[in-house]
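There are two complexes below, and they share chain A, which is joined by chain B in the first and by chain C in the second.
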Partner chain A sequence: MNIRLLADGYMKSNHLFEDFKNNNINLEEPYFSDEYVSLAKVPDFPIYMGKGKERYKKEEFIKAVKVIRTHYIETPRDIHLNGKFWHSLLITSKRDYLIEKYPQIESEKEFYNIILKKFDWENYIYKCVLAAEYIADAELSSTNEEEKYINLIYDNLDVFNYIIKYEIFRNAKFLINLLDIIEEENYSSIFKKRIRDRSDLGSDERYGRRVIFELNKNYPVILSPFMEKDDLKEQVKLALSLYYNEE
Partner chain B sequence: MKNNDFQFAKIEYIENTTFDGSLDSFYEKGIEGTIRENIQNSIDAKLDNEEKVKIEIVLGKIGKSDLPGIDEVFKHIDSMEGKNEYTVEKIQYMQSKKEENSINVLTIEDLNTKGLSGAKNGQSGRSEDTFGSYAYRKGFHNRNENEEAEISRGGSHGIGKISNNAVSDINLMYFANCDGIGEKHVGGSIHLIEHRYEDQYYRSTGYFSRKNYEDNRLYPFENLGYSKIFNKDNRGLKIIIPYLREEFTDFKKIVQAVCDNFFVAILNEKVEVEIIDKTQNTDMVINKESLVEIINDKKYYENNKPNIKKVFTPLYVQTLQEIGTPEKLIVESLNETYEFDLYFKYDEELPVGRVGIVRSMGMKIVDYKVERYIRRPYNAVLIGGPKEDGFLKSMENESHTQISSDNIKDSNSKKNAKKFLRNLTTQMQKIIDESINRNSVSSGELDTSHILSELDSTFSKNLSRSSEKVQIDSKTELLKKKPKERRKSRKGVVDPQPGKKKQKRIPRKLKPGTEEQQGYEALILPNSSVERISLNDKEIIKFDFNNIEESKNWKECDITFVVVDGMGQEHQNEARLTDNYMLIKDAASNDTYTFNDYKINNVKIKNNTSIINLIKHSSIKDTLKYLYKIEVRINDL
Partner chain C sequence: MIYKKGASFPHPVYYENTSSYQEGFFEFDVLNLSEDKNYYIFTFEYEIQSKFIMDLLRNEQAYLNIIIQSNDNFFSRINYNETMIKIPKNRLSLNKKTEVQLQIQSKQEVYFSETQELTTFYNEFKKDIVVPKNSLLGFSNTVRYDGKGNKPLLLFEYETDPELKSEFKVDLRPETIVLVFKDEKYRMKEFNKNLSNMYVYAGLSQSLIQFINNYGKDEEYVDLESLSSSNLDVLDQKLFELLESKNVDHISLEEIDEIIYKITDNIVGKYVEAVREVNNYEY
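Moving on, here comes the complex of A and B:
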């Protein structure tokens, strides 16, 4: 299937939203370029997990990562890491699915917030693509294993967000090691907790975020992104101990 | 401890285990929702005289013991049991507030208003006893469908009062009332979930009141012997919201909420609002004169026209002031004719156009988008009379952000509203078109020479611009940007040291931040000017100021250890000097310096250098990378 790509400047188009809403998307419009990407299959997947019950959001996230892992991640990285590709896919091929699933996108604000959201760490597709890529790169032994780590990523989404925010931590081995450590040491709930006794840190600092930040501060004196699990665990414990007391 | 300040009705068993749904929807509207509801009520309750309504909004702190019945409240809070994740989390959050002693509080007091009447009759159920309705009437906001009706009513106190509970961490609010004959009473309410306390089940809402067991009714307490914050000496109403959520204590947002919603009422001198933030010692009066200053103040409003795309208040105010006499705009529905005042202005610089639709009492309802004309360069304000108000109200959605026929249930009225909206849209489109035609040049050829187009940009070229990520452990091919070859500009000129450029490092001067003390100059020392030696028990750092021209007269400076993280970002408050070092001394005189986690104070400079010894705590290994920020008093420069 050919996905026609949007042209530069499509974010500023005055008509894109109206045309999408009224089902008038036309490949001849100036907001399209002449280029395409060809893919064998382009199955639907959830693209937004910002609203709803926790259990539902989790199911949606896992579903999205699995679909992207299976059908999209084999494309070259310059395609699946480019927001324009995903925006083009949604605009040209997913309208019916999206309107039914996210009826709020008929409002212009939500359209830009959900469909054409900037492709960075706050974008759910971006999160899912990176998660899928790490899962693929980690060469896990079975789909059960893969599912386990997708679950772990979702359960520790706050930490995951911080990992993908810092480019130095973007490698599959580091992520898998860190998730293992969180599981082995039962850090998940501690990492999510707000730090209350340190007003100097700002109002929404959490233990997990600070741990990742401490690892970042120490880099490259301490090369935590490339450490073996046990060494990394020591660094994580050390970083956590700066903020967290057991009792 | 007496246990009868708050009255919760007894019930036989627990049926509903969730919080009132409207708490959440009002919470989402933020402090703006609360400000809007209260000021609207105050304007509606204006006394019949020439004076304007005055409102005083105060942000402050109080002690827990200033709140009557608070211990009893927390006993009930402690006894709640959540049945789902969300409720459990919310209950824990409320319970965690028990130990707090310095409590955020917001008060909203009105003057030259009627206040509530009939306090003495308590929970009478009679509609003329507005005190009773305000304090005890339930049912308005129990269901969402009623909430809609509730919001659109308008006209008397008792509307949207749950918005006051919704911005409190523990859903608690009090009020103090002074009526026309000088009677002073207090009331209040808290919204919990149904709960069991000491073997008795209770309803979710508690009222700060006294219960008369003879007629089984609630009666308010007289305002005697309470903390100062409950004082209400002149006729009117004062709302007291303790445990105001931290995120809502933003002075600026309150100022904006007042201006955004009530600019018409303020310009018409119907109301004047004073906002006082006692925690920051700031104070602002918003009236006809100061409103213009506020909308021109970059601190509060984006007022560069090409950037105004979301908040249109500065434009509305300008439009109202520039267009002295409005046009009449007549819009017909199926069976009625509505007449509005339209203030319309064409302005080429504006990227988007909106019509601010305003109720006759001066509160804005919506930034109305004219269909298909959203991005036309105009701005307008539309104000009706009481008849128009009523009709518009019926079309408002619950958050007042939209008017639409979808918000009407009855099918005839719905058709009627649809017709009205269609006519309004067509009329506005016509007006906008005319203004554009009047204002644009329509003769001659278009000069397109300034438009440059580049046709050969390709997808992959654009990709190479996007940032690359570091991927270490992967089989997939890495994309790398090829370094561009640089041709030498002139032949015969040979780079003296190819590859290695020696550049004199110049200290980087920092702009004085707004929070930074005035009278200081700050700069970052280049790494080449700092030498650091680490020994077993101490470190020695030498700062060399010889490269800095102004440094000759320097006698002392403060040195901040700026942490550089793995991404190259600088952080001023992230060093941990107190964890790492016991003492920091001057190497020559052995005098000790005072220091906190990231800054050493008053370091002496001699002969353009400073040498300091840092005595380590045992076994500490510092793994951080620093830049050194030097701050010098400007007199020394």
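Moving on, here comes the complex of A and C:
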């Protein structure tokens, strides 16, 4: 299937939203370029998990990661890590699916918040694409193993969001190591907890985020992205101990 | 992940002109970048003049890592006598400015007591230095692959973004300074273009600060004569050329405004003229 790509400057277009809303998306319009991308299959998947019950959001996340892992991440990164590609896909090929699933995109604000959202760590497709890549790169032994790690990512989404913010940690090995450490040491609920006794850190810091912060601060004196799991575990414990004391 | 500075390590680190070793020479060059259907293929060579460091690599007491930074970071351990690496295209994108570097990582604890290569500063206490495993022991220069650099002369670009969290924002991109407005009206395009000078001033100011942060030593100062323009980002290269063309030979944080004055043409004066003109205009 050929996906026509939006032209540079599409985010500024005054007509894109209106045309999408009125089902008038036209490939001849100036918001499209002449370029296109070919993919074998482009199945639907959830693109937004910002609202709803936890259980529902988790199911959507797992569904998205699985579909992306199977059908989208073997393409060149020029494609699957390119916001313009995803926006083009959604605009040209997913209108019916999106309008049904996210009726709020009738509003321009929600359209830009959900469909044409900037492609960075706050974008759900971005999060799921990275998660899918890392799961695939980890070369786990079975789809059950893969599902286990997708669950672990979702159960530790706050820390995952923080990891993907820092470029030095955006790799499969570091993520899988960290998830293993969180599981082995039962850190999941501690990492999510708000830090209450450190007014110098502001009102919404979490233990997990601060662990990642400390690891990032020590780079490159201590090369945590390149470490084996046991060495990394020591560093994680050290970082956590700066903030958390078991009472 | 690419590391460029040299200071603030608790142990000696080996890199070009390091002050910890008597001689620092760690030269890395990418000889060729080619591709087949599924892979990018980098061919490279490097030279390290430190026998101490090379022995660590040969004896497998240290690892050699290659780091490729583009849209994201790709890194891989390589054998010390490696000359080629193949990276799948589904994990590496080269469209943006790409940088490549070699780093040396300790595999186990490293001791300096036997080496004579450190500077005399370390004579007394080098026997006490223990570098833990997984520490950075050295890093090479950064090699840049330009990707599709197609905006050679343009320094400023303008964009509108209704989602902006402020009325105006300076966005320093790899090739240009982008002045972003929440609404077209803030650009004041219908008036004298010199009214935009205040935005240009902000853009220049921030990009020069970034320039100093990228290349300045701890004194927050850059001596342009000692800078090699081939190692610069595309935007920094444009700034460098602009500064050179106006005979600016050094920049510092303290002198940002003087520098902007030197490299522009009465940017403030023209702004003020434009405001007076608008004020005098009879509707």
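Here is the rule we use: the second predicted complex is superposed on the first by the 247 of 247 C-alpha atoms of A that agree within 3 Å, B and C clash if a C-alpha of one lies under 4 Å from a C-alpha of the other, contacts with A are read in each partner's own complex, and residues count from 1 in each chain.
Note that a residue touches a chain if its C-beta (ideal position, glycine included) is under 8 Å from a C-beta of that chain, and two chains touch if they have at least 3 such contacts.
Since the model is a prediction, treat every value here as computed from it, not as a measurement.
Contact with chain C, but none with chain B, is seen for A:D231 once the two complexes are overlaid on the shared chain. Judged by the touch definition given at the top, the superposed model places A:L5 against chain B, while chain C stays out of reach. In the superposed model, A:Y112 lies in contact with chain C only, and not with chain B.
When both complexes are overlaid on chain A, the residue A:N171 reaches chain B and chain C alike. Within the superposed three-chain model, A:S188 lies out of touch with both chain B and chain C [touch as defined at top].
Once chain A of one complex is fitted onto chain A of the other, the partner contacts of A:S13 are absent, as it touches neither chain B nor chain C.
By the touch criterion defined above, A:P220 reaches both chain B and chain C. In the superposition on chain A, A:S33 makes contact with chain B only, while chain C stays out of contact range.
By the document's definition of touching, neither partner reaches A:N161: not chain B, not chain C.
In the superposition on the C-alpha atoms of chain A, the part of chain A touched by chain B in one complex and by chain C in the other spans residues 77-78, 81-82, 137, 167-168, 170-171, 219-222, 225-226.
On the side of chain B, the complex with chain A involves touching residues 85, 246, 372, 374-375, 457-460, 462-463, 466, 469-474, 476, 479, 563, 565-567, 571, 573-574, 576, 579, 623-625.
Residues of chain A touching chain B in their complex: 5, 8, 14, 18, 33, 35, 54, 77-78, 81-82, 84, 108, 137, 166-168, 170-173, 200, 203, 213, 215-222, 225-226, 242. Of all residues in chain C, only 1, 3, 8-10, 63, 65, 69, 71-75, 77, 89-95, 103, 105, 132-136, 139, 159-163 touch chain A in the complex they form. The touching residues of chain A, when paired with chain C in their complex, are 9, 11-12, 73-78, 80-82, 112, 118, 133, 137, 167-168, 170-171, 219-227, 231.
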